Each structure stands twice: as C-alpha cells, then as structure tokens.
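Below is one structure, written out as structure tokens, with a few remarks after it.
First chain written, first letter: the chains are A, B, C, D, E and F, and each begins at residue 1.
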Amino acid sequence: MPATDAPPSARPDARPSGRTADALRPVSLEPGFSRHAEGSCLVRMGATEVLCTASVEGRVPPFLRGKGEGWVTAEYGMLPRATHTRGDREAARGKQSGRTQEIQRLIGRSLRAVTDRAAMGEMTVTLDCDVLSADGGTRCAAVTGAWVALHLAFRHCLRMNIMSAMPLRDQVAAVSCGLWAGRPVLDLDYAEDSKAQADANFVLTGGGGLVEVQGTAEGAPFSEAQLLELLRLARAGTAQLFARQRQAVGLE
Amino acid sequence: MPATDAPPSARPDARPSGRTADALRPVSLEPGFSRHAEGSCLVRMGATEVLCTASVEGRVPPFLRGKGEGWVTAEYGMLPRATHTRGDREAARGKQSGRTQEIQRLIGRSLRAVTDRAAMGEMTVTLDCDVLSADGGTRCAAVTGAWVALHLAFRHCLRMNIMSAMPLRDQVAAVSCGLWAGRPVLDLDYAEDSKAQADANFVLTGGGGLVEVQGTAEGAPFSEAQLLELLRLARAGTAQLFARQRQAVGLE
Amino acid sequence: MPATDAPPSARPDARPSGRTADALRPVSLEPGFSRHAEGSCLVRMGATEVLCTASVEGRVPPFLRGKGEGWVTAEYGMLPRATHTRGDREAARGKQSGRTQEIQRLIGRSLRAVTDRAAMGEMTVTLDCDVLSADGGTRCAAVTGAWVALHLAFRHCLRMNIMSAMPLRDQVAAVSCGLWAGRPVLDLDYAEDSKAQADANFVLTGGGGLVEVQGTAEGAPFSEAQLLELLRLARAGTAQLFARQRQAVGLE
Amino acid sequence: MPATDAPPSARPDARPSGRTADALRPVSLEPGFSRHAEGSCLVRMGATEVLCTASVEGRVPPFLRGKGEGWVTAEYGMLPRATHTRGDREAARGKQSGRTQEIQRLIGRSLRAVTDRAAMGEMTVTLDCDVLSADGGTRCAAVTGAWVALHLAFRHCLRMNIMSAMPLRDQVAAVSCGLWAGRPVLDLDYAEDSKAQADANFVLTGGGGLVEVQGTAEGAPFSEAQLLELLRLARAGTAQLFARQRQAVGLE
Amino acid sequence: MPATDAPPSARPDARPSGRTADALRPVSLEPGFSRHAEGSCLVRMGATEVLCTASVEGRVPPFLRGKGEGWVTAEYGMLPRATHTRGDREAARGKQSGRTQEIQRLIGRSLRAVTDRAAMGEMTVTLDCDVLSADGGTRCAAVTGAWVALHLAFRHCLRMNIMSAMPLRDQVAAVSCGLWAGRPVLDLDYAEDSKAQADANFVLTGGGGLVEVQGTAEGAPFSEAQLLELLRLARAGTAQLFARQRQAVGLE
Amino acid sequence: MPATDAPPSARPDARPSGRTADALRPVSLEPGFSRHAEGSCLVRMGATEVLCTASVEGRVPPFLRGKGEGWVTAEYGMLPRATHTRGDREAARGKQSGRTQEIQRLIGRSLRAVTDRAAMGEMTVTLDCDVLSADGGTRCAAVTGAWVALHLAFRHCLRMNIMSAMPLRDQVAAVSCGLWAGRPVLDLDYAEDSKAQADANFVLTGGGGLVEVQGTAEGAPFSEAQLLELLRLARAGTAQLFARQRQAVGLE
C-alpha cells in the first residue's frame, strides 16, 4: 500500500513538519536554568527556546501602594539572532515594537489570572521571557514556561517566609493552533504559522477555563465551527503542557 | 407591582446603563466629517466618539515595493481629555503606549481582512482613528467607522481613476461583549467594562466570518459556553452596525 | 458698470477668499463640546476647527509649590489629517516639533497674562488645543477658544467652591493679519498665509492691551507703518471675537 | 547737590545695570574665532557670549532639491554652565527644549530674510550659535553674530568660486528692549529681563525694515505707544550693531 | 601542620574564589549553540555565560561602500536577570547605557584587529554578545567567544563560496586581571572585581601582540611594575583560552 | 650636511607636526574663563581647546545618600563645528554617542581617583568639558583642564566654609601617545592620531601612579616593549602638564 509508505509530509495537505494535526512539538521545561533568579525555566517547544525568569521585589507599582496586594508583570524580548535573519536589537533602536508590547501584556495578564494577588502581600514578581531561538509560538511557550518560573519563585518566597500561602490558584499554559490547508492543526511552527489561513492563541487554566483567546484571520475569515475545533485542539495540547509543568515543579 | 415600576437599573444584576443585555448604545456614523481626507467618518457609540479619516498615498512600504499590491494601515490616538481624568499626551511623552500600538495593529489587520490589496495597486491608505470622547469600546468603534472612511476613500480613488475596481470585498465591524454579573451583555460602556468579569472584542465580516476574536478574563476564567454566548450577541450587534455602515455610504 | 458686477476675487489684488481686507471668516464658539472636561470650546474660524479643553488638577508644578499660586499651561496638537496632505503623527514620531512647542508656549503665556494666579490657589489648569481641521490661523483660534474653555473651567471651580473668586481679570483673543499684495488684510486663511509677504499674530486683551505681538517678514521686511496698520485691523477683529466670547460664556 | 553725586543705580527707577535707558552694553564682534568653520564670530554683549559658526555644505534639504536655491538654517545651544546655576545638558536629556527650538527657528528666519537664496545655488549654510556665557539677550546676540559668520562664509565661497555673487542683500541685527519700572530701556541684561514688565525682541535690517517683532507682556499688557517707543530704542541700538558688523567684516 | 589544613580562602589574602593567583575559572566554549546564526558560541567562564552569534550580511555601512572591504561590528546586551538583582531592560528604558556602548565598541575593535577586511569583500559580520549569566568578566568572555563565532561564520562563507580566503589572520582573546589584597590575580569574578584595587582588561592576539589594554585604578593608583605583572598573568591566561578556541573550531 | 638643513617634516618618518617624538604641543591653561562656574579652565593643547567648568551642588546621587561622601562626575560635549567638517549636534539627534559616554566616564573616574570623597561631604561636583576646537587629544586635555577647574571649585568651597579640608589628594593629568611610522611619539594631534598604528591614553597622578591606561592597536598589535616606551613618553609629558596645572592654580 504505497500511501502508507509515503512520508506524511508528502501528502498535499500534510503539515510541513510532518506532524499529525493534533501533535505538539517535543516539549522540554528545564527548571532552575538561571543562576540568580528566584525562579526560572528554559522552555523548549521544538526549535523555539525561551528563557523565563521570575524576579521578586518587595514593592508594588504606585497604583497598588497600600492596598495589601501584589503585582505580577512581564517583559518579553528576543535576541537579535533568535530568528532566521538577524533582527534589530530593540535596545539599540531605542524602543520596543508594538508586537513586543502586545506580547508582554498578554503574558502578564495570563499569569495574573491564576494568581491570588492578595496572598502575595505587597510584592512584585517580574517575569522576563527572552527568546533565545524562535520557530513560532514564542508567546505561548513564554506563558507556559513563565508559570513554572513563577511557581518556583513563590516557593522560594514561602521557604524564606516572605509569603505564607502559595498565591497560585491554578496552572496556566498556552498553545497556538491554526488552519493549515483548511484543517485545524495544533502548535504551529514558524513555517506553518507564516502560511496558515488563521491562527489562534489560547491561554487555558488547569481547570479548563479560558483566560485569553486571540484568534486572527490571515486571509479569509474563519467560522465559529473552526474556532471551536481550534479550541478543542488547544485543550488537548495544554493538557500535555500542564502535565509537564507539574513534573517540572515536582508536583507529580 | 412595585417590581415592574422599578427602573431596570435598580435590579441587582441590571447593567449600569439600564440597557437590556442585547442592546447597543445609540449609534451614529457621520460620513465626510473631515474637510481634507479622501474618506472620513465620525462614529459615535453612546458617549464614545472617534474620528476616522482615510488618507491615500501613491506608494507602499518597502516590503511591498514592486509587488503590485497596496497596503492598509492604521494609527490610533486619544485626545488627552477624551477621558474622565486627563491623560498624558503621547506626543509630549515621546512614545505611544503598548495599548495604543496594540489597538492600531488590530484596526489595520481588521480592514486588511476585507480588502483585495491586489485591486489597490501600489497605494497605501492610512486610517487615523482619533478618540474625541471615550466611554468604552473605542477600538471597536474605530474599526466600524474606519470601514466607512475606507469605503469612501476607495470610491474617491475610483472616481479619480486611480483604481479601477472597488478593493473592498465585504464589510467589517466590531463590538465588545462581556460578562456582567455573570450574564453576557452587548456593547460595554466604560462603567461596565471596568467591572466586567470578562470581555471580548469581536471583529466580524458582513458575510458572518470571524476576523478577530480577543477574549480576556479579568477575574475568573470564562467557559466555552460563555464565549459562544458572547459571540451570539456580537453577531446580533454587528448586524445592526452593518446596516448603519451601508446607510452611511449610501448602499441602501 | 461691469467692474462692479465682477466678484471681488476677480480683481488682481483681491484676497483669494474674496473677503474684504477687514473681514473675519465666519466665527463660531461652541462651549461645552467635550463631555468630560471642566471647560471646553470648539472654535471655528472658517474651515479651521480647534477643540479646546480645560482640565483642572489640584496641584502645581514643582517650581510653584508652597507659593499659594496656581498655574495655567497649554498643549497643542494637530490630528494627522487636519491638513490637506496627511502629516506625521507626533506621538508616532516620538517628539513634538519646534512649531508645536512654540505654539503651546504662546497659548500658555497668553492665558496667564489675564489670569490672577493668586486667586486660583495651588491649582493647575491645562488647556489642550487640538486642531481637527486646519486652514490657517490655528494658534490664534486656539487662544480665542482656550479663553472660553478656561472661563468655563473657572466657573466650574467657583460652583464647586474650589475657588472663591474668578481668577480671569480680562478677556484675551488673537488674530493673524498679513500683507497680501502689499495691502494689510485681517484673518489670513491658509491660501493667503502661504503667500503673504508678512504675517503677524496679535494677542490682545479686552481692555485693549497687547499681550503678544509676533510679526514675521516672509519676503521683504515690513515697515513700522505697516505694522501699525496690521495692529489696527487686529483691534477691529478681536473686538468681534471678544463679543463672541462673551456670548459663548453667557456674559451678554 | 547730593542728588547728582548719587550713582545712577541709586535712583528708584534706575536700571540695575546703571546704564541709561538707551545704552547698549559693551559690544564686541570677534570674527574668525573658530579654526575650522568657513565663517565664525564670537559675539559679546556685556557678559553674554555666543560663538557663531557658519558651516557650508554642497546640498540642500529634500524640499529644495532641484530648485536651484540654497538654504540657511540655524541651531542653538547653551553650555550647561553658561548660566548662574548649571542647567541640564540637552544632549544628555535626549531632547531640545521648546525654548531652544523656538530660538533656532528665529535665527534661521532672520538670516534667510536678508539672503538671496537663488544666488547661493544648491548649498546649505548651517549657523551654530552656542552660548558660552549667558546674561540675557542671547538670541539677539546670536542673530547679530550669525550675520558676521554668514557674511564671512559667503566670502569664503566667493573666493573658492563656489558662488559667483554675494547672496547677502542687507545686514540684519537684533536687540531686545523692555519696560523697566514703566520706562522703555534698551538691551536688557538678565537681571533686567527677569523683572521687566514686558520685553520685545526686534530683528531689523540695515535698510530699516522689520524682519521680526516678538513682544511679550510678562505682567500687565503693554500699549501701542509703548511698543513704538521700544521700537525706536531698537532702531538706535541696531544702528550701532550694524556699524560693528561692518567693521568686523572689513566693510568700513 | 594546621596551616596546610586550612582551606585556601581562610588565609587573609586569599581570593574569595579560593583560586590561586594565576588560575582561570573553568572555561567552556560551545560552538554552534545558535540554530540560525552563521557562527555561534556559548562561552562560559565560571558562572559567566555569554551567547555570541555571528550574522553575515551582504552589505557594508555607508562609509565603506565601494571600497571592496568588509566590516565587523558588535552589539552587547545583558538579560535583565543575568545579574544578582534584576536590572532594567535597556529596550524598555529606550536606550543603551554608556557601559553597554563602551563594551560593544571594544568587542568590535578587538575582532577587527585580527581580521583582513579586504579578504571579506563588501560583507558585514555583526557579533551579538548577550550575557545570559553574569559573574564578572563578561566583556572579556564576549571577545573570546566572539572569535569562535566569527571563525565559524567565515568558514560558512568559505563553504558557500561567498569568500575565497579566510579573513582571520590570528586569534584574539581577552581576560581581566586585577590587584587583590595587593597581589595580582587572574580572571576576576564579580566578588573579586567589586573589591579589587585595580583591574585591567587585556585583549591579546595568538601571536602575543597587544590589541587593547584597559587598566583602571579603583582606589589608589597602580604602578608600572604592577601593570606588567598583570600583563604577565594575562599572557598565561589567554594562552589557555587560545587552546580552547582552537579546539572549539576544530583546529587541533 | 643637507640632511640637517631639511625641515624635520621632510624626513620620511617625521611627524606631520614636525615636532620631535617627545614634544608636547603648546599648552595653555586659562583658569577662571567661565563667569558663573565655581571653578573653570580653558585648556589648549595646540589647536585643541576644551572649556572645563566645575559646578558644585549640595546633594549627591541616590546611591550615596546618607553616606557622608561626595561625588565627582563629568559630562563631555563637542560643539558641532569644533571639527573639520560639521558633526551632528547630539542634542538635536536626541542622544549622546557611545564615544561621548565613554569619554565622560573616563574623565569622571580620573578625577575621582585623586579626590578624597569623604572630605567633600554630601556635595556633587559636575565637570562639564566642552570642546570648542578639536585637533586630537580632547579627552586628555579635558582631564588635565578639569583638574584645574575642580581645584578652583574646591578652593571656592573652602573659602565659603562649605568644606573644611581640600579633598584633592594629588594632581591628575592625561596625555595620548602613539606609534607613528613605528616610533613612539608624544601628544598626537588629529593628523597623527588618524594614521597612528596604535594609540594609548595615559592618566597619571602627580605621584607617578597610573590611574588609567587605554591602549588600542589600530592596525597591527603592539608589543609590551612599545607599551612601555609610550608610558615613558607619557610620564615626561604629564610632568610638564603638572607644572602648568600648579601655575594655573597658583601653587608655584
């Protein structure tokens, strides 16, 4: 049966990666990668690598002072040669792009959605997510890895008696899905992302809730049915990511 | 029966605006507001007012040169006293906020999704969306008004024989929905938006397709069922906006 | 007599606008245009439209702290498509032009000249003057409209018992005059301004005093006699503007 | 008669400088101060010292290309310790103040008003006016000194056969006047300027024409009669400056 | 003999690291760390880790166009949490610090000193040196690692026939030395560097020549004899680094 | 003997300046040049002219508050036409170059190396070094002149009883040396510097100690022996500069 002999990618609607529609790339979450940070995680989704560090400071931004609550925020960056061709260094250009700001706002909101900020006290955790290698899905990888870094940082605070109860109420992870050759597929890499008809980033909690949905049609609009199929894939993908997160922080 | 005599807003789960869950605010689309622009529209959604102008230039950004395609882009701004308390003038601060950049990228993508850029030739249309008064939903109002401005600008180009076929393939409009006191409601104003459990911006086409979905949980995550209810409200709301757009450009 | 039948603009030295040398453009001062500001005025001089808002804050700049005096300052901006061809958005460029800064300094000085800052207490009023449509004379229109916005804001403070006496001691208004085809003319529009041999902006008080005189020769220098003729026109023009201001704030 | 023995400054309305109302400060124009510039002049008005250099380049700004005309422009700066207390270095702050931009625009316009730009060919002269010591009247001193630098630079171009006719059609010089204790006085120094009721900068040509008039009331508005008295003083003052300029460039 | 039992760091003049005066920290040069770059190397000197990538582009800066020579330049950055306490992200602050600029200029000069730029043709190689973990000596580690990245990038160009001869004429490596408790010691870590009386960075070539010497007294000045002792240590240290470089690129 | 008749510069290895290898350019240190500064010095090394001012303020940067120590810092600038062709004005460009920042850091470190900061109390002295004319060696001239300005400012503080003991413990001066046609020469001017094989800036104390050594190979690396020869020249040169400094401040 020749069809079964042909490599998956030879079929006209096959993904460039040869993965099945519902297959994640190889995932690795390496906790404690950073020497200095209170929590850190090097997350790899295939060739995408993001170093996430969580830095704890004993103060909050002005709008929260005196309210007894903490803050979780994020910054995102990409090394100039994380990409196929070298990009400008944002520090040299003198400003962060709109894309950078959009991503770091998303990361911050996602982690705050599962954090009990009252339990933090007046502390700030800054999540730095720096892309060492980019092959699609960097913002999703950053959310997934940042949760590990944040968990470790909070555990550090508990050990140091800076906090008395774990502020994280749930897990949070993210994955991008898209329409490839008309079919929904999970975890787009760069080659897939740049040719997808639509792509959607889903940020989900361990309990199954939606924290963020960002769906964008690149060409023709997509339908409600397609949005739901993408969401179904994202649920399956994040289920695997949640398991990896628990392993990384030693919860199972 | 005292209950029926009580104003709607007196009920514990009533919207602050007193509107029913599926009611848009009063909408007005005033075409041709700007004296100089090739196309323009002052859009009002309740107390939110956005001036949208479309400016046509006979060149494209470097990455498109020589490809025979056009470009549609957007810039967004807010007058310092469009809001309840005066905000910084971004020109004086020397940079645009992340929020501003995120919004102008959304507007540009939304309009490009219904534009046949090959039909434009090597022309650029810049949509300036400036908020004169803000009461929630400014980015959605901007998308809705920008479509009118863009339609008028393209008609100007057709009359001037700069283009030979209308590049707009469909209408596009946007509306925000959210969860208020646990119930899905349409077209959040500022008071509602600042207390909603979740809010979602939907950019839809006249043909019913989804161009952008941006859902964000502010507190607890939301469920798939809630996302679909919000989408159903958005469909009903944009149906009214599409009718207003057609009136504004004289299509019905 | 055919000559008298010819429209004024047909005469070789006629103004492009067809106005007589001492005619203002149609003037409109619309108070309360802004929903949120303590005081506001949309001022129109022909096709020039400037939205002026006055925002009150209960603090003063560092150099005035503890002196018991208030401060009045101004910011000026122009929507990108207020002009015939689209200009750069200053917020996107990351800085305000020299022209913008020069104009906002002029507006601030002009309003301070008629304000009793001791009567304000330690309060700051910021006048935002944003040009929605530009056809010459925007800085003068801004001064004239800002006075209305400031008056209304001070009345708001009196009603709120934030101030106990009206700090405005006089009216202030501005108009530009110029030499057109060798003759002094009042209230230059853009077409006239761009070809005038000289133009001068006069900021005058209701009592007839001079607050600012800014005369500039564009080509050949002008004479003292010409300067005085321009000033005479400005007196006549501002007399009309003062009447309009009083109507706008309900003083007559 | 004791009164005559008292020093002038002891009289209640005497100028702090002790000068008579129509007395300039000691003036010095030192041509050729800069080693590298095509033209230069160190101008001193009392304790105010400004180094003016004229730099010639064989190209024009984009808006003039291909029109066969030249351009004259100016930049202005102040050494941080030119003033009584050290000011910020604008290069370190990362932007020029509104005052700096206003002044350099004034200097540029003033010199262009006496330059036949067609006679320059497509050349640009940049006048750098850097204040080494500030004691009031720096912008006026800069205009006066810049004329000498520009004259010398044009002579250099004539000698080098880069230009074939002297583009300067007239002299231009500037002086500030003001109302001190109600009386008009010439050439304000810093102590006088900071307490004057009004001050006005006049830029005049050798032929007696007005190029710029910038009058500003600091407290009470001033009258037309006062403006004319200030202008009369400025005429007398610039007459002396014109003579010094001619000496400095060897015309008499 | 108690003295021999005591750990080295217990002696009053012992280095905090316990290393002997002439001991380098453990060194590792990991070539090919980056997926996309034409050449790359992750260099580790103890806890200092710097990712060096070499990016090749087929054009040169304007000042070199048409001269048939290439260019080698460097950019330097530090992840915000590379250090013990989190530092500002330079991209977010909007500018690179003076220290950053000084270091990237040093790296560029050092690599150019051993490059035959004529052999490159009109190509540019940009060396990005990003500090993942900082424990002193980051600029020296960057120079050492950048040589490996550059070597690999040039080899890539030779394989691709973009260049016909290896432009590197020699090796270059760097090490910092300092005076610790009055004694010269090799390869300062952060704890040593922050308390050294003097420190000096030496950039040396494989042939023994000096490319850069940057010696700085932190407290008391140092003597010529001390400078020479530091240089002797640097020679010994770089000899080991040269061997590691040759291994990393497969030259021995 | 014709050889002796030939001017020095005619010999193939003669310096362009005709100076002998160990000759400084004519040096002049003019104290008190600035009207306002607490200390100042105009330093000339041949055609290089730098105005150094020392400004005293009664506060220290945040990292020193409450420690009872003072701070000495420097800023460096160059007038646009200090050089042969006009350079950009850094204030207009909106940032200081890496070179500028590197130089001002060097000047600050050099002066701090001879200052007893505890003797200053919590005061800051800012040394502004502005290049009026550049012909090589501006950073070295700045260090030499800044010492004079600082000495005079400290004497002013002693006279005012702001300080009770002179905080300067020693003199500090700087000179650049280089390899010209293979031979070490002292005090490079611009023509020499731009063609030297290597150049080194030495900052030395009156007591003979080294504060900074910055040696850079421009082409081939230099040897240890050459570095020592350059240092020997620098010692001879700074000996003369120390004498001039003492004269300038009246110590001999």
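FYI, a contact is a pair of C-beta atoms (placed from the backbone, for glycine too) under 8 Å apart; a residue touches a chain by one contact, two chains touch by 3 or more.
Bear in mind the structure is a predicted one, so any value in this text is a computation, not a measurement.
Q: Would you mind naming the chains that touch subunit A and likewise touch subunit E?
A: Shared contacts of subunit A and subunit E: no chain.
Q: Per the centroid of Cα atoms for each chain, what is the distance between subunit C and subunit D, given in Å?
A: 28
Q: Per the centroid of Cα atoms for each chain, what is the distance between subunit A and subunit F, given in Å?
A: Here subunit A and subunit F have centroids separated by 52 Å.
Q: How many Å are there between the centre of subunit B and the centre of subunit F, using C-alpha atoms for each centre?
A: Roughly 61 Å separates the two chain centres.
Q: For subunit E, which residues are shared contacts with two or more other chains?
A: Expected reply: 94-96.
Q: So if I start at subunit B and go to subunit C next, what's the full loop of chains?
A: Cycle of chains, anchored at subunit B and oriented toward subunit C: B, C, D, F, E, A.
Q: Mind pulling up the subunit F residues that touch subunit D in the complex?
A: So the residues of subunit F in touch with subunit D come to 34-37, 40, 47, 51, 53, 55, 57, 75, 77, 79-86, 89-96, 100, 126, 128, 130, 132-133, 135.
Q: Provide the residue numbers of subunit C that touch subunit D in the complex, in ascending order.
A: Touch list, subunit C to subunit D: 95-99, 101-102, 104-105, 109, 113, 200, 204-205, 207-217, 219-224, 227-228, 231.
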